[in-house]
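By written order: A, B, C and D. Residues from 1 in each chain.
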Amino acid sequence: MSDTASNNGTAQRGGSRLGAATPWIVSIVILAIIPFVFTSNSAITIMNQMAITIVFALAYNMLLGQGGMLSFGHAVYMGVGGFMCVHIMNYVEDYSLPLPLPVLPLFGGLFGLGLATIVGSFSTRKAGTVFAMISLGVGELIAACSVIIVAFFGGEEGVSGDRTYGLPFFGIEFLHQIEVYYLIAFWLLLSALLMFLYSRTPIGRMANAVRDNPERAEFLGYSARWVRFFSFCASGFFAGIAGGLFAINYEILTEENLNLVQSGSILLITFLGGVGYFFGPIIGAVVFTLLQTVLSLETELWQLYVGALFVATVMYFPGGLAGILMMHMPAIRMGKAGLLVMPYIKTVLPAIIGTLGLAALIETIFHIRHAATGDEEMTLFWTTFNSHSVLPWLVMILVTVTGYWLTRRNLPELRRAWHEANTIDGSPS
Amino acid sequence: MRITTRIGVSSVLALAISAGAAFAENIKIAFIDPLSGPFASTGTNGLNQYEFAAQYLVNDKGGVLDGDMFEIVGFDNKISPKESLIQLQVAIDQGIRYIVQGNSSGVANALTEAIEKHNRRNPDSRVLFLNYSAVDPALTNDKCNFWHFRFDANADIKMDALTDVIAQSDDITKVYIIGQDYSFGKAVASAAVEMLGEKRPDIEIVGNELHPIGKVKDFTPYARKIVASEANAVITGNWGSDMLGLGKAVIENGYTGPIFNYYAGSDGITAAFGESGKGILMQVSEGKLNPPEEKALEYFTAFREKYPESDVSQPRITNVIEMLAKAIDQAGTADDVVAVANALEGMEHDSIWGGKVFIRPQDHQAIQDVHILAHTNEGVQIDLDNSEFGPVAVNTVEMAAMDSATTCKMKRP
Amino acid sequence: MSNATPALQIDDLRKSFGKAEIIRGVNLTIGRGERHAVIGPNGAGKSTLFNLITGRFPSSGGKVRLHGNDLTGLAPFQINRMGLSRSFQITNIFPNMSVFENVRCSLLWSRGYKYSFWHIVSKSRELTEAADAVLEQINLTERRDLPAGMLSYAEQRALEIGITMAGGADVIMLDEPTAGMSHSETDYIMDLIRQVTENKTLIMVEHDMGVVFGLADYISVLVYGEIIATGRPEEVRANPKVQEAYLGAALEAEH
Amino acid sequence: MDLVLVNLIDGLVTGLLLFMLSAGLTLIFSMMGVLNFAHASFYMLGAYFAYQISTYMGFWMGLLIAPIIVGIAGAGIERYGLRKVHQYGHVPELIFTFGLALLIEEVVQFIWGKSQMPYEPPEILQFTLFSISGNAIPAYKVFMIFVSIAIFLALLYVLTRTRVGMVIQAALSYPKTVEALGHNVPLVFMGVFGVGTALAGLAGVIAGPVLGTFPGMAFLLGSIVFVTIVIGGLGSLWGALVASLLIGWITTFAASYNVAMADVLIALGFEQPVDLSESAWRDLWSLTLPQIGPILPYLLMVLILVFRPYGLFGKRDV
């Protein structure tokens, strides 16, 4: 957080309104047409999951990125919001109340807000480790409650409802995933827009100020504690909305929605995407969901790769994926991004190939160790080969070593190009 | 990477191109269970058993219908209900019509509800849920539905069998019940109290408690209480590291009576108990591993040859595969799952592990022999964890709980 | 001292850290519109005095009144809302935010935005114009969109002063505004201070005697936690106690 | 009364084990400001290494060698990983250790598989040392107590009687000053990280045989170690000791006494609903102490942080 300057609040003097609205219009268009590109139900299910994670990650980044508060128990706000929504769903069904499904996430948000208000009242007094540890403790306590207080949380089986028993909303019954997708997409846009606008309000700006320098903020008339409290509540609200969306999509909430694993992964998702930029968590959520659902179909070792990815990201790109993208903005503005294309092809491509080679080696070792006796045949990257023969090994080792060697060799060239692309013409370098 | 890798590529394509081509010659069965994370060992082991059973019991014998083969497709649900629902959707999109799952009643509960809703909302792509291990009684009672079949004996049935055995042994006068604090642990405890009260009112229940699931680091305090209560039998539904931790602590602190359990076998647990658990651990389970039937021993030998590191820890898997094959043959189609389900209802089957399996039509619960299996190294031909230790049947209740009541009100399509 | 209630009145203010008594009963009255400099040797407790007045540290005894209102036990943000603003000896800005935003943040409370989440700051012409005006005043318009942390030292000090006075507080406290600056930079800052504190009460701690005598209407001399003299610059300069304790040495060093 | 004594001994074993982890962590945390989420992973590595070594050379060599390997691994990770991340600030550091914990668990699963390891106490210690009214106290537990106490004394000696210890103690309170005095703080950091992780490794070596050696063992212990040092107060070895014992005894006693919430509520004058299954508060009425035992430390931590943010023995804010 320290090095990724958050300039997103800078008002562009006289900046055209259209310019500011462009990303949103593009988002609307993309969200509207993407189900026609990926039409299968499973793709839509995965996109729903992504959208929910995006809302949650954006809400989490209101704390971490914008408020500088590290929470280890944020899943509980999403979870409690979701649980309440399922209960409401069941009430609506039992008593035939006229509550249309599309407004349900709002209730999730309100309950998330309610819980955040209670917890925030004592946890936001201090920032830093005190806050982090209280969030951990509270998160553990509520997660533990989920198996103890069965009446509300339903034990490990959770609580389930049925989204279709409510009243049809303009004739839509939400029987199919695609209907749910558009509902979730609507809420995703609405909450993302609200969260974006929130970061431009006085309290949103002061959240940044308190993150950077709480003491100075105090001498400007703002109580750091109240600023943190309001950020916390707002974050709880949007996390609750994510919970409501979860309830609609999956129609079930369980202990896993509250536990530490969930809280930890949202931290990783947000960080992977980049906490310094508003859109960072969006990238993080998309990438992580793909890794979790698609890569896990590819290999049992997916968590090994995800772990390695996180460690590598934090070591080399602490600004996250968004940080990597934004690093190129100066060069693009100066119209010199073209200088980087060739060096990138020369370094990144071999690096990717080398990494794939390494992954292939790991997979082959895993295969030899764990596959059935006699099952020496394995398929990787559309190629079937015998894992016990020497040739594939040689090929993989060769690919790995060559890939990394090429990367290493071409790295100085990339550095030079990078330097040149980021130097204003005419100025001494 | 076995099958996972092979199907992986196609699953990505399935995301890009609209799937729905169910014209493959193979009849695919989706195995949705944890293949990564803390419960992965049970999951991978189960996947091995399914793959082997499909190969050995069906494909090697010519397949079903006109030579269609079974293909097991593994889906990693990370033991998360949410992930299970996503993977279910992916499986359905790949044209898979048969779902097998077993680990965690929470996941089973999420799946059975999701499948019920899916089948109601999408009559064109209905699927069957063959639950081989989740034993929460509710799944074949209040929460039952037409699409769900359970091949394991549920917790109540096992307890019924167990209490039958306890009722006959006069040495047992004081029983201590301990379990994990969640639905299954509670179901075991309440069934034990109720059934012991009916069958042996003289037995004193000296302890009945729940501990947080997966959070206890050291079971010694619990063991102390058990020893101090002078119990001469312990009943527990614990599994995984909670089972090992509890069992080791209890034995270490000087307890010598039987520990009646549901899941103290395989996944390293048998090996880790080793000599210390001999004569103490008594598992109540279907599937008589030892002494083995001739067919069973052949099956096991072939299995070990292929998977030297794996166990036949869930014998019922062979029943799932064989009975599904039979049902498909009877129905004459693998695409019409209603017909297959109707064929499964009321089916009687001779298990390779001995005894019969009968699918009760009222609730789709498999009724079968339930055994009390002692952890020992004597007379073990089918061992677990390659430890030379394994379960040997000491008592058998035939067709356990055949006439037990069910609250299931099955709605048929 | 035209008004009846002084801008700031300090009665017998004390502060101890453990056994060490740093401020030992300071009495000081600063009238409205006055420019008051507090000087004294290193370790005399000048910064501590500032921190006590602004609520950064709790005092061990005594009272501080701002426009007649007791400040005891109030938090810095409450004191700030009553119309007192301060700068810091070590630059204390929001380094990751742009220069413009630094200034705008300092305007928010005084313009009544408080904890609002229904205003969009960039939509408020009033805010933008006011912040730009401040930037103009502190000569940082060129640097408007740079992260504050990337400014030069003198620019950061200017920004610090800009943030301090932007909120429109009528009592401004500056802690060594020219510390570590070159001569030309000092002159620039001095002009700036003179300009922005027009019609305001200014209290400052300063080492540079040029600045002190150039700016202050009144001077207090703090030595070992006590004020040994207060008065017009020429009176203080003439005071033998001051000369003995501090000023003489300092003046000598000047030349 | 006898049971109380037994529980005291059991709680002591748990507490001292926790202390070996928290001692290293509190040093690392307070010196470097790193919330090392991977600390318990080193504990797990200790157990696995020792198991592997014990299959070739027996338990005792494992006890000797495994912590050293873990310590070297820890120092290496500090040198080539953490130090690089250090410049970015504390949150990236934390994420780094978070990712590291994930990675270590995966690597362990990759190498040793996902099952429990049959890691056993040495034959020579597999007997009952003495019994208190039927409750056996295994010799191995007493051995664990002695090892832990020896480690505590050794740490105390190093920290208070040696030059290195003085530097470390000073660095705990005034990290900047120590650097200004010309001490090689990065080297001290690396050393402390190495020793801290070696201690965690040692805890794993001796705990593995009794608490089980399996891939989830780190996760099981992970957050409780943080709770311990936060309760004890940062940078305080004594605080870590007291908090560890406190948590050891709290969890042991909470697991041992079936205090039922129903009794408490009745004692407070509430009336038990006739039909519990219909009551919205049924879960509260059926609650017992052992059910909530393991979460009591978290409750304690939240209360302490709200009312005394510097912990029991700490001098500065967490």
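Simple rule for what comes next: a residue touches a chain if its C-beta (ideal position, glycine included) is under 8 Å from a C-beta of that chain, and two chains touch if they have at least 3 such contacts.
Note that the structure is a prediction, hence the values are computed from the model and not measured.
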{"item": "Remotest chain, subunit A as reference, centres from CA atoms", "value": "C"}
{"item": "Between subunit D and subunit C, distance of the C-alpha-averaged centres to the nearest whole Å", "value": "49"}
{"item": "Gap in Å, rounded to a whole number, between the CA centres of subunit C and subunit A", "value": "44"}
{"item": "Inter-centroid spacing, subunit D versus subunit A (mean Cα positions, whole Å)", "value": "31"}
{"item": "Distance from subunit B to subunit A - Cα centre to Cα centre, in angstrom", "value": "36"}
{"item": "Where subunit C touches two or more other chains, by residue", "value": "none"}
{"item": "For subunit D, residues that touch 2 or more chains besides their own", "value": "113, 291-292, 294-295"}
{"item": "Numbers and ranges of subunit A residues touching at least 2 other chains", "value": "2, 144, 148, 301, 303, 366, 370"}
{"item": "Touch relationships between chains, expressed as pairs", "value": "A-B, A-C, A-D, B-D"}
{"item": "Subunit B-touching residues of subunit D, taken from the complex the two chains share", "value": "3, 6-7, 10, 13-14, 109, 113-118, 128, 131, 133-136, 138, 210-212, 214-217, 219-221, 224, 251-253, 255-256, 258, 288, 290-295"}
{"item": "Residue ranges of subunit A touching subunit D (in the complex, touch as defined)", "value": "1-3, 64, 70, 72, 122, 125-126, 128-130, 132-134, 136-138, 140-141, 144, 148-151, 260, 264, 267-268, 271, 275, 301, 303-304, 306-308, 310-311, 314-315, 318, 362, 366, 370"}
{"item": "Residue numbers on subunit D that touch subunit A, as the complex places them", "value": "35, 81, 84-85, 88-89, 91-92, 94-96, 98-100, 102-103, 105-107, 110, 113, 223, 226-227, 230, 280-284, 287, 291-292, 294-295, 298-299, 301-302, 305-306, 309, 317-318"}
{"item": "Interfacial residue positions of subunit B with respect to subunit D in the complex", "value": "38, 40-41, 44, 181, 207, 209-212, 214-218, 220-222, 224-225, 227-228, 230, 241, 244-245, 248, 252-254, 267-269, 271-272, 274, 309, 385, 387"}
{"item": "Contact set on subunit C toward subunit A in their complex", "value": "54, 56, 75-77, 80-81, 85-86, 88, 92-98, 100-101, 104-106, 108-110, 113-122, 128, 145, 147, 149, 163, 167"}
